[in-house]
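One structure, as structure tokens, below. Some questions next.
Residue numbering begins at 1 within each chain, and the chains themselves are lettered A, B, C and D in the order written.
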Amino acid sequence: MCGIFGIYSPTKNNIVKKVYYGLYALQHRGQEGAGIAVGNGKNIGSYKGVGLVPEVFTNKELQNLYGHIGIGHVRYSTTGGNNIDNCQPFVVNSSFGNFAISHNGDIVNSALLRKELEKNGHIFISTTDSEVIAQLLVRELLKTDDIVQAMKNVSEKLNGAYSMLIVYNDMMIAVRDPKGFKPLCMGMKNGEIYFSSESCALDIVDVPLERDIKAGEMIVVKGNSVESYDLPNKSEKASTCMFEYVYFARPDSTIDGISVHEVRRNIGKILAKENKTDADVVSPVPDSGILFSQGYTEEAGIPYKEVLIKNRYIGRTFILPTQEERDLAVRLKLNPVKDMIKDKKIILIDDSIVRGTTSKKIVTMVKKTGAKEIHFKIGSPKIVSPCFYGIDMARKDELIASTRTDKEIAESIHADSVQYLSIEGLLEAIGRKDLCLACLNGEYPTDVSCKLCKNNKNN
Amino acid sequence: MCGIFGIYSPTKNNIVKKVYYGLYALQHRGQEGAGIAVGNGKNIGSYKGVGLVPEVFTNKELQNLYGHIGIGHVRYSTTGGNNIDNCQPFVVNSSFGNFAISHNGDIVNSALLRKELEKNGHIFISTTDSEVIAQLLVRELLKTDDIVQAMKNVSEKLNGAYSMLIVYNDMMIAVRDPKGFKPLCMGMKNGEIYFSSESCALDIVDVPLERDIKAGEMIVVKGNSVESYDLPNKSEKASTCMFEYVYFARPDSTIDGISVHEVRRNIGKILAKENKTDADVVSPVPDSGILFSQGYTEEAGIPYKEVLIKNRYIGRTFILPTQEERDLAVRLKLNPVKDMIKDKKIILIDDSIVRGTTSKKIVTMVKKTGAKEIHFKIGSPKIVSPCFYGIDMARKDELIASTRTDKEIAESIHADSVQYLSIEGLLEAIGRKDLCLACLNGEYPTDVSCKLCKNNKNN
Amino acid sequence: MCGIFGIYSPTKNNIVKKVYYGLYALQHRGQEGAGIAVGNGKNIGSYKGVGLVPEVFTNKELQNLYGHIGIGHVRYSTTGGNNIDNCQPFVVNSSFGNFAISHNGDIVNSALLRKELEKNGHIFISTTDSEVIAQLLVRELLKTDDIVQAMKNVSEKLNGAYSMLIVYNDMMIAVRDPKGFKPLCMGMKNGEIYFSSESCALDIVDVPLERDIKAGEMIVVKGNSVESYDLPNKSEKASTCMFEYVYFARPDSTIDGISVHEVRRNIGKILAKENKTDADVVSPVPDSGILFSQGYTEEAGIPYKEVLIKNRYIGRTFILPTQEERDLAVRLKLNPVKDMIKDKKIILIDDSIVRGTTSKKIVTMVKKTGAKEIHFKIGSPKIVSPCFYGIDMARKDELIASTRTDKEIAESIHADSVQYLSIEGLLEAIGRKDLCLACLNGEYPTDVSCKLCKNNKNN
Amino acid sequence: MCGIFGIYSPTKNNIVKKVYYGLYALQHRGQEGAGIAVGNGKNIGSYKGVGLVPEVFTNKELQNLYGHIGIGHVRYSTTGGNNIDNCQPFVVNSSFGNFAISHNGDIVNSALLRKELEKNGHIFISTTDSEVIAQLLVRELLKTDDIVQAMKNVSEKLNGAYSMLIVYNDMMIAVRDPKGFKPLCMGMKNGEIYFSSESCALDIVDVPLERDIKAGEMIVVKGNSVESYDLPNKSEKASTCMFEYVYFARPDSTIDGISVHEVRRNIGKILAKENKTDADVVSPVPDSGILFSQGYTEEAGIPYKEVLIKNRYIGRTFILPTQEERDLAVRLKLNPVKDMIKDKKIILIDDSIVRGTTSKKIVTMVKKTGAKEIHFKIGSPKIVSPCFYGIDMARKDELIASTRTDKEIAESIHADSVQYLSIEGLLEAIGRKDLCLACLNGEYPTDVSCKLCKNNKNN
């Protein structure tokens, strides 16, 4: 995950507030850190911090970021803690120019690239791919003044996912990798150019979506010119991450012309078609199951009711319960509504089964409240292979589920049945074929042999 | 509003964590302050602060609150700022005993009572009704050792709404005023007695709801005894606030045996019955319109879709936009989904029209996104009289709406039509008659002449 | 201890910043809490908090305190922790007027007065003497409109030390108890009247000292009038606390016309006269011993050198060392300078021997650094009786020292000799006879039988 | 400025607390940031932040720093703000090893070195000399495994001041530049090796001073071996910064065998000898003038009295006074004691005249308090040339003073006379000749032509 947002204004210097709003709208893509870098054509100022966008920035920090080219980043990470060094944008001040980089996606061969650079005497402050990209870019800029050529050369070295925004001197550069793994779109208004991970952030700043950046496209904005270039290794066919549609993106975004919320309702309908289940009520596990459930209801004709009420005030500052109190923790987040549940056959829809412990707690709680049957349905297919392009599978632990049958999973979470969406159903729901399905079928769009080998060793 | 929660354990001293969880579940009743007081039979320790429950309390503060009788309070107020003095529980240490009071509701004659007490040399630190009640209680305790008699005497002096929890030496006392304006219920588990403003908080700590406290009932818990007393001025008929069902309470609560979420779905259905509207889609203004809309859909057969996406990360630390950016503010909270809206006739359902400025912004935004028609429907009747029992009408400004016709209101918010629920519809939806409808029809369950007179003067 | 400061301006509303500066200058009198109350003739606004003056107040809090009558307080206390309730000023809003009270000193009979008030149905929020005084004042104001008479009546009930500032409606009232235990002085400038615990705070706001308030005097400021009244129980002879001169007050203050720094230099001279000691160098234990040492040098002709360097950055946020590291703690604060100490006979002068553990650590450290002899001298006589007027003897533990001979004390702290100032020397150094010497000779200026009895029981 | 401290323990892993104490003792060398890096032979953990040592570190941060080789840094800087990137130690994790660098001093040719490295494709995150040194070191380590040789090669490239501590894998390396501009000393205890900018920090952790590191010396500690190497460009004669003795270092330190406090007392004595002034009292401007004044008194026989009382509670959180209140600001820090000043001829001694505005305010204030004459004396010679080795002259603005005669300066600050120490007097006071006096006489110990040229252009 991670979200990026950028603005180039030919005339105004006070764009930072809009970058802030854009990041606010992308907060769902990363809650662990945020940063903004703003350039005025010469210098680049930046500020970043650990936490949510409104926690990191106050008016004071924003006021110091003055210029007409700005990019921002929200960070999603596995390694926690107070690690500001790994927050983006990554800013470099060098004798041949200043630049700032924000990117979304994982570079498959970054460890190799890093090692190679270190052999040549380069040192790294952070453990981010951004720094690897920055160092490669600097090396290319030493060979050529032409940023377009330099960026093309860098992209030939990179294997993996990278939607990327760069402030370089008086230019803004947007790049989407040759496979188009991660989304990136462009808006225009009053001569200003906007880039965003998702279109919902353009809506929020009231800027019309111009178009999505194509897989393997680079756009360079300078003054009043907006030029598009093909990356050298541009691919025939994109391989966009299907999970963006299933649960990463906000439902009010469209990605590559396809409405996210529509995909999610479709998924619900197809789930209903693929397996008829007799039930009294369809209910989401809020919030992620809501649109699947509404689609399901539409197809199956079973009433939609929210039998689990979510506490909207659960934040990150919550005091962790003691061991004995741990069972309360699920209830604090989700409370079952007795009179909707009592003696009912219930279809519960969620986006995934993570490890199984939370699903088991939810199912047990709803059963204990009086449900007659619980049928647990998942709005995505089973995951059978790790992702190397930016989704933390180790965290989601979905691979564990892949080794069991539906029946075994149902038993382990105490549900009466479990149903996953089929891969065909997923493709139908999204309505495009040029997707990355590597985690579902093991077919990787790029060479991941180094990773797979390492992965097997680790297991 | 405000929420209260209490626990009496005959045997355990570590109840404070559960009071904390209970308050967490009642957070929707007040976000401006929180406090907990815990007694061990002799001394009462307390801690309170400004902010949300998890902001006020860390493990450190909770660890200092050690004892077997605990009450907590979440505060909702009009007067903002860092006013810890007005937070509850209100704790008194005196030579004839220690007590702590938390209450929910407004005392109509508190200014008079306060003046009378001041004439007798009493001074007040805070401007809360809790302190008035505390001072009255102390005066009665000087006359009699019997806390039950003392509390009865106090209640005879009080005119208004008060659901109240008191720690007094080694006792817990729960009182609901003679009209039962505000909810209060009781749970029992393993010999422990729980009290809560709403049943959802009992669910959260996994305690079964025993029953609601009756209007005019006082319950005294001590050791293993739980005794019920009638207040002297107990009323024939309760007058419970209908707004608890309409939007205060959490949908997973039941109040006086009636399920809140069911009332809200009923309201949606009745709205649909009372005025047939031709439309393509029914959508809530999230979150408060969700259940109304689902009920409406069920009755009207028009598809339910959420055309406005709410940003879940909007918190209180948000940087206020400048004058020019103010229009962005609504979008930051609610983003319209274009492809659901374009060329559609849309029914939007909300809980109320406040001042009209926000409703106008929402309607305008949805129209601008391409809606053909917008029919704005409200899940409650029009408010025509002020409330003196605890709802801040000045804040909600609903009275303004009352001076205009539906058509005028529709015009002012740029909607194609506006529909309010009828009073009869409301009664049908709730399914009980013993409600306070004063704000809807001007019939006050208690003498409010002093207030009305003052109110007229002020206007 | 504790410090108070107040301003009455007939014409200006923006006095709060000067109250803040005044408190800043009195910070040495109390570092545990601070508060300011400002009245505009009608309402009184206030803000208080735990910590140092600049920690409690930011511009935001000060800007909210708008009016022409202001008082402030810095708090010194034994009971630590987050106890805002016990911070001053104590503010009361009542039907017969608003007032705010700040005071310095302990009321000997406050427990009795409190019990009596409780019997009459009064309740107490805090455990402060200020609240007792406030409740008494309210009772008197019920009997008479005349604040002067009311205050006189209250003062007849009070036994103990109280220098006190009161904002009452559009008046400022300053009171110094009949014995004048604690200092209180008045400044005037441009028609504005200032009151302060010490004259140094008047210097800081550039206001000339007009005079000290007399023991048993009450001053009422209103509009342009400044009137002085005698309290009914005004005493023939004052009994001002001698410790104000010895170590409480700032050296740049004068108290009752006597310069504090001069008293301290005198003490050093008299110490030198009372006991000739052969030594190579006179050194203070910084900071409190500095002036004593300089006086000693002047008299004895032995060179003054600071052989212990104080770390100026030691604050309250310091991480407590583990048991093993505890010995480092003294060094972190005070480092001995080797080449000044090696083979030297050293006179070390401090203001008191507290418990003896710190003194022992210092002496041992200096010895280990190579001192030949160390003669420890104390700028005050031995304490033999507890203080009931505001000095926390339990905290200072000086009574422990009182049970041993000088020789025994010297042995226990590893010094070659110990010398205390004589009582006669102290009187000579201060140059006035009307002092409270109760802690030195057991002769209490007011009836403390209730306390002494309790004290003996406790021991 | 800046201060560095390091520990190598062959056996213990819990050294971080002592590094913390060491930094605490060096806090006077830098208050703007602090950092610690601790290695265990393999990995290096680090934490740094903006603020004072106890503000940056709590027990939590210290507990995470576990290992046997630790270095720390306190930062003094001109560029303010939240710039964690520029805090030290600078930590590098690379494929050929991890290292952390802390240094004190300015590299004259760092801009050139940086440009050269950038030409070779290196990028810089920070603007610190530490990063330049780190990058150079990495380049050398690519050529040779031998850290000693690598460090020698780096030192040949560096022109300027650098006392430096490095953690490199399982080694600790200490380096003092060939001119020995900045101090660096070594302590030993129980087989552990300590390094510190000043000896006072060794005292604080109770470790005996072994010796000062020599100019041009490198010490490598590994296991139980401590080896000393000469840097290739080691100089015949050191050029240690004379300001360390005059006001940077703590008085309880010795630098290169010379006691700092003794130098300062000598300065006072020589000031008295160089210009006999008739006066009643000698007083410091606290705190920096104290030792000069005591030396002056000893020589001149004029009594020493502190006529200005410093407020010990003035911290960094102080609310800035408004324009009108600005004159109060000096008083808040320093209050003149009237009865010491009235009608007296006063010698005031300070360490420097900065810009003149503060000195003028102090002199005016003391005059206004009643002084008959004021003679302002400075414990150092006039500065006539900029420093390029680590002292921020722009900040101190001492060059401004250099363009005027003593008489002109006296007039501008309203003093009756002004006296600076002579250069000969300074050399006599310190008692060594191998000092850098560049700022006093323009004779730079290294080639600074690039800087001087740039400096002239800028002016």
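Keep in mind that, in the parts below, a contact is a pair of C-beta atoms (placed from the backbone, for glycine too) under 8 Å apart; a residue touches a chain by one contact, two chains touch by 3 or more.
Remember, predicted model here, so these are calculated numbers, not experimental data.
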Contacts common to chain A and chain B (chain labels): none
Interface numbering overlap (same over half, different under half) for chain C and chain D: same
Distance between chain centroids, defined by C-alpha means - chain A, chain C (Å): 61
Centroid distance [mean C-alpha coordinates] between chain D and chain C, Å: 38
Whole-Å gap separating chain A and chain D, where each centre is the average of the chain's CA atoms: 48
Junction residues of chain D, two or more chains touched: none
Contact graph of the chains (line, ring, star, complete, other): ring
Complex contact set, residues of chain B against chain A: 17, 20-21, 24-25, 27-28, 31, 52-55, 57-59, 62, 200, 203-206, 250-252, 254, 259, 261-262, 287, 290, 294, 298, 303-306, 309, 311-315, 317-319, 321-322, 325, 327-328, 331-332, 335-340
For the chain C and chain B complex, residues of the former touching the latter: 47, 84, 91-96, 114-115, 118-125, 127, 134-135, 138-139, 142
